[in-house]
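Heads up, the thing below is written out as structure tokens.
Here the chain labels run A, B, C, D and E in written order, and each chain numbers its own residues starting at 1.
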Amino acid sequence: MSITLILFWFLSVLALFSAAMVVASKNPVYSVLWLILVFFAISGHYLLLNAQFLAIVNIIVYAGAIMVLFLFVIMLMNLNKSNEPKRNKWLNLAGVLAGGCLLLVLVAALKNAETKATLAETGTGNIGLIENLGKALFTDYVVPFEISSVLFLSAMVGAVVLGKKESSPDTAGQSGKSSEK
Amino acid sequence: MIYLLQEELSKKVMDVNDIASYLPIGIQIVCAAGLVAFLMLVTHLLGPKRKTADKLQSFTSGIESHGDARQPVAIKYFLVAILFVLFDVEVIFFYPYAVNFKGLGWSGFWAVLLFVGFFLCGFIYIIKKGALKWEE
Amino acid sequence: MPVNYYIFLSLALFAIGIVGVLIRRNAITFFMCIEIMLNAVNLLLVAFSKMHHAKQAATLATAGIDGQIFVFFIMVVAAAEVSVGLAIIVMLFRNVHSVNVNFLNRLKH
Amino acid sequence: MISLTGLNLILPQLIIALAAIIVMLSIAVKRCHRFTNLFTLLSFAAAAISVLYIPRGSFGVSSLFVVDGFGKFFTVLIACAGFVITLMSYHYLNAREKRNEEYYILLLLSSLGALTMVISNHFVSFFLSLEVLSVSLYALIGYLKEEPAGIESGIKYLVLAAVSSSFLLFGIALIYMQTGHLDLSGIAAGLSSSGEFSGVFIAGLAMVIVGIGFKMALVPFHLWTPDIYAGASAPVSAFVATVSKGAVFAFLLRLFYSTGGLENKNVWTVFTIIAVASMLFGNWLALRQQNIKRLLAYSSIGHLGYLMVAFLAITDRGMQAATFYLVVYFTGMLAAFGTVIYMSNKKGEALYIDDYRGLFWKKPWLAAIFTTVMLSLAGIPLTAGFLGKLYLLTAGTEVGIWLLVIVLVVSSGIGLFYYLRVVAVMFAGKNENEASSEPVIGKIFPHGLVLTLLFLLLLWFGVYPSSLLEIIQQIASVIR
Amino acid sequence: MQNALQLVWLIPFFPLIGFLINGLFRKQLSKSLIALTGCGTILVSFILSVWVFLQVKNGNSDVAEYFNFISAGSFKVPFAFQVDALSSLFLLIITGIGFIIHVYSTSYMKDETGEHYGRYFSYLNLFVFSMLLLVMGANYVIMYLGWEGVALCSYLLIGYWFKNTEYSKAANKAFIMNRVGDFAFLLALFWIVSKTGSVSFDVVFSKASALGTSDVTIITLLLFIGATAKSAQIPLYTWLPDAMAGPTPVSALIHAATMVNAGIYMVTRSKALYSLAPLSQDVIAITGLATAILAATIAMKQNDIKKVLAYSTVSQLGYIFLALGVGAYTAGIFHVMTHAFFKALLFLAAGSVIHAMGGEQDIRRMGGMKGKLKITYITFLVGCLAISGIPPFSGFFSKDAILLSAYEHNKILYVVALFGALLTAYYMFRLLFLTFNGSFRGTEEQQHHLHESPAAMTIPLIILAVLSFAGGFAGIPDIFLKGGDAIAEFLSPVLPPEGGKTVSHSTELILMLLTTVLVLAVIVLAWFRFRKYKPEEEKGLGKFLKNKWYVDELYEKIIINPLDRFGAFLSNVFDRSVVDGLVNIVGRLVNYGSRQVRLLQSGQVTSYVLLMVLSMLLIMAVQFFLRK
């Protein structure tokens, strides 16, 4: 039982448990916290697999930016346990059953032999390092790089259009009505 | 002691993957978590403790308090959060560029310039739209 | 570390994500579960990229790299998607004062 | 590295991107709806024309894109569709929104997503363009903030798109595992070496089918379509019905034709089940529809089912039939939604079929256009729809997929009912209680002109299709 | 110079023009103008036919091909006319007698209104056009074209007085029976095409020998069934007596001279086929003879003047088919010619009698008209003498030739045929004596209304009388005049004479004497029987014959009633409950289904996602568990 194996099992259990807690917890704030834990567990996995850059990015983007956004939204909407929409028992059961069956089917589909032998060796290989990734990113994947900038542009416009209340019809710059509390 | 650490690390062949290279991060995490744990623990232990029901209530200058303390946050903070996410991700793109700055040369530079250009236009648009403007 | 472990782990995460999506009615939690599913996929992709790197390390130095770049782009895209998604959810909240995904079913039959 | 020569290969995409930037800056400077609209029209036209400057033959752009005849044809198609939709939405938005310039940025960006998807040859580029398309669509669908329906459809689309893209990604991951490549040619190479498809690849393919199936609104994944079409504004529904489905269908063709995914019997059976279900349910559900947009939604599901028939006829002819039918479908849908837009006025959209009662007596020309569109969608001879279906049938019978051919005929039979019901309502007597006395906002000049153009196009392809067929013949063989 | 006969298309062209003019402008044109165009066109084509006849006489026969009527891949049907001895002879008969009848009907139909007058003449011209087409066609398809045209015109003309339901029912009967025949003809046509790949006569006949005997027999039998319908033979003859509902000139032209000979012309034209199928030749002979005897017996007891003539036509045609059956084609054609003459004459004479009697057709109320209708009486007498075969008249020569060839073929045939000839003589003279001799049995008012027909009617009678008298001299047998058989010699290129006469001259002479004597005896018998005639009720055999052997009633029971009942069943029971029911059920089902399916559309996003996951499950299941 080498150190990596222990680490692997620990991180996997941590990830699964916290994911389950995200789903199961009543209060959305708790589920956000559990989700952050999931992200750390997965970043741990990345480290194990020597994808250092991805680990960092995962922490920064997911745990850092997106979770902050989630918290903001939750705070904005003052959600807590009380106004959590009630859940219809039967539909939940159906949901769980469906998820379970899917898991079973996929596991049955993917457990065949030949993938057992192949190893995703941990601890070696430096493709995860930042400069290799960077080199590849800026040589082969330049056009997706530009497309993602366009994607962000549209995200910005989308967010502003949807987020902002009625900005004044006249020239921009003049601040809109005080946003509704 | 720090000198020792640096000296020892630089001496060894910098094999990226072996466990030692994670030492700095390890120390970092330990310090952060340690500080928080330490403060919580000490205040918990040193402070006087008398737990009475009404003491634990939140004191709202004598007025009977109802509902919880949380105040809904204004919308404008929300827009700031979203834009923070977008520009934070933009920064992420710069990390790999920074590392391979020399290797990529001019064409890489044009690509990143175009990338930043797009973001700049977005930013100008946001400024003009007054999304980030704080109402009084 | 045999790839199967990673496959089962990410499958489990994916399944939990789906269950979460099916169960939770709150739009925010809904998005969190989607994030879980995306992370499951990312983990799988990284595992496979390492697998291919191990297999073809001899021939091509940067064998499994495009898997990891794909993960990088997925993360980036997820961020954008979430930002717009939450903007819509806020808009929904402001109009309907509830975040229940199924609240509005006026668009029936 | 994309050298400068490479740039002229993706000229249309660049033009649209720059146009979006310029529109954004122009909004930042000073809002003017007319200028934005005209500029967007100009940029779509420029993109369509710029395709001519792309040299012949197929060029790979850094293994991510392949700019071949097939890609160019769809680029032109999407650019034209964008052009038509922008033209139609001017008056529609003018009557409703005060702040409607952003609509054009989002429209440009989503078309850009579609354009990149059409030439993409790599899963990363496909996923990115899919996301660009979807993200801008989220905002577009929920654009008209006042109506709660807009927001609800926005949420629905968002939720379902997110789930389906995670399915898609999982599928791509599995395929990546099996083949080690993410670009289509790599996958094809990886596949052929491994002979019979392994379990993992099929599971991956199944997952991808789910993702793509959602985007193309094939039956098991079609539930969102009626709500979105009814909720979103008419031009956006037109956009979703044509461009987003068309682009994904193009990639599907490219994916399954180059990787030979269809040779596997199971994959083929799954697609047959989906096609049959789409055709039957699509038309079946539309039978009792009163809401014109929901009716068009269901009919678009049916039409996608017909397209799948051509897709499943794996021969070149099948491909040509599919492309031809797609063009006919585009024209039909755009014209149909164009009429809905033309009829809608300040108070609300002409949603219900009764709003079109006695249209023939009030506006005979519009009624004529709408009737031809309905007939073409139904596949009555002398319209392009009929020829489209004819090519589908020949492609199908040539390969001998009899079940699909029979279902196609039966479902277009069912389809006939509700198309003609609309036509009948139009010719019915004028309804006394003149409900919407409000003047119709569609102006003759730009909107009426476009509708007439589409109407003539439908007839032109119906009567003299060979002009279009030659072009398609050239491009079809390229993808093989 | 291209063969002059290429212009032969002009012959049918003029009647067509006549049809169009009369048909389209019948309201505008005056009655005399209509008559002029009607008769004029036929006259022109008659003159052209004579010219063609002369051309053919000095050996110039040709197939004129104009354009491709039908061309489907390798199978080609040219629109072509065949001009040879056989067709030119028929041309003469049709246009000649046609013209005479046209002149006759200008006065016979004088009291019709202008518009109907025009309609009548346009139908007549159309009839002549299609008859010419039939006769001149160089392949079976053109012949079939004429065949159908003729049937159509006979339907139109029989039902000319359409207001009278009886007449229109008779027209229907004629048309339907012809359709049955045409159906058989069509089958034969298809069979020929499938076997020989072409329809032109020359190609078909050249390949005929290669066909199996069974094929040829089937083809010839089917063709013969077609002929029986057209020429009113045993199974399909009942329409002809009812066809008398049409105006008399129509009966004269169509149901005596031309249309009924179409079947014979077709059989003669496909002589090559029939000579290869001895079985069908026997069938033809026997049917012909049986029809002759049957019709003769029925004719004896008929009281309507036109019905008697109709049955006599049927029986005479039976004789001609007998001749064709025994292979004496020339004798057959000769009898066709002579029969056309005297039968047209008899009908026209009957017409003038009816005209005189103001439409009365029942011979029991006639009699004693010898004095009043002098010319009609004489011409009628000539016709009777000719038909019964008294020596100098044409009937004698043609009927005798048939009897002779029957005798050579088979003794029994000869005896029965002779008995038939005697019956013919008996009923013809019965008719003669009843109408013209004895005392007048009609009403007072008819009595003094009796008058001789106007010139336009009597002149044609006279011409036809002369023809019936002289017609025989075209085919005088060798024993009287060496080389006298002009008609045989004329037809020889098309119908080569069959083997030498096995019968010596002496027996031939004896046979002729025998027939003449017997016929004379029968005439005397008829004289005594019908001189003073009192109508009395028929009993036993007479009643049976009077009711036309109950054949009509038989058909009614066997064919028509079951068909009606089956039709009725189909329409109300099956159609209403099963078919309509089915359609409604499907409609209701689809509507119900779409209502249920719509419930799925709950508007709940979670259910959408649920369905997505479930379908994912389904796809995975199909992928894996199907593969095992």
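Here are a few things to note about the model shown:
Note that contacts are C-beta pairs under 8 Å (C-beta built on N, C-alpha and C of every residue); 3 or more make two chains touch, one makes a residue touch a chain.
A quick note: this is a predicted structure, and the numbers were derived from the prediction, not measured.
Between the contact lists of chain A and chain B, the overlap consists of C, D. Grouping the chains by touch while chain E is set aside gives one piece.
With centres computed as the average of Cα coordinates, no chain lies farther from chain C than E. Looking at which two chains touch through the most C-beta pairs, you get A-C.
Centroid distances built from C-alpha atoms place E farthest away from chain B. A summary of chain positions shows that the Cα centroid lying nearest the centre of all protein Cα atoms is that of chain D.
We define each chain's centre as the mean of its Cα atoms; on that basis chain A and chain D are separated by 31 Å. Chain C has its Cα centroid 6 Å from the Cα centroid of chain A.
In terms of their C-alpha centroids, the spacing between chain B and chain C amounts to 22 Å. Per-chain Cα centroids separate chain B from chain D by 42 Å. Residue positions 75, 78, 82, 85-86, 88-89, 92-93, 118, 121-122, 125, 128-129 of chain B are each in touch with at least two other chains. Looking at chain A, one finds that residues 50, 53, 57, 61, 65-66, 69, 73, 76-77, 91, 94-95, 98-99, 102, 106, 109-110, 115, 125, 133, 135, 137, 139-142, 144, 146, 148, 150-155, 157-160, 162-163, 165, 167, 172, 180 touch two or more other chains. Multi-chain contact residues, meaning those touching two or more other chains, occur in chain C at positions 3, 14, 17-18, 21-22, 25, 31, 48-49, 51, 55, 63-64, 66, 69, 73, 76-77, 79-84, 86-91, 94, 101, 104-107. Contacting chain pairs in the structure are A-B, A-C, A-D, A-E, B-C, B-D, C-D, C-E, D-E. Every residue of chain D that touches chain E in the complex is listed here, in rising order: 155-156, 159-160, 163-164, 167, 199, 202-203, 206-207, 209-210, 213-214, 220-221, 223-224, 226-227, 266-267, 269-270, 273, 281, 284-288, 414. Put simply, chain A touches chain B in their complex at residues 3, 47, 50, 52-53, 56-57, 60-61, 64-66, 68-69, 72-73, 75-78, 80, 123-126, 129-131, 133-135, 137-139, 142, 145-146, 148-150, 152-153, 155-157, 159-160, 163-165, 167, 172-176, 178-181.
Partner chain C is touched in their complex by these residues of chain D: 123-124, 127-128, 131, 134-135, 138-139, 142, 145, 148-149, 151-156, 158-159, 162-163, 165-166, 169-170, 172-174, 176-177, 180-182, 226-227, 230-231.
The residues of chain D lying in touch with chain B in their complex are 1-3, 21, 24-25, 27-29. Within the complex formed with chain E, the residues of chain C that make contact are 18, 21-22, 25, 101-102, 104-109.
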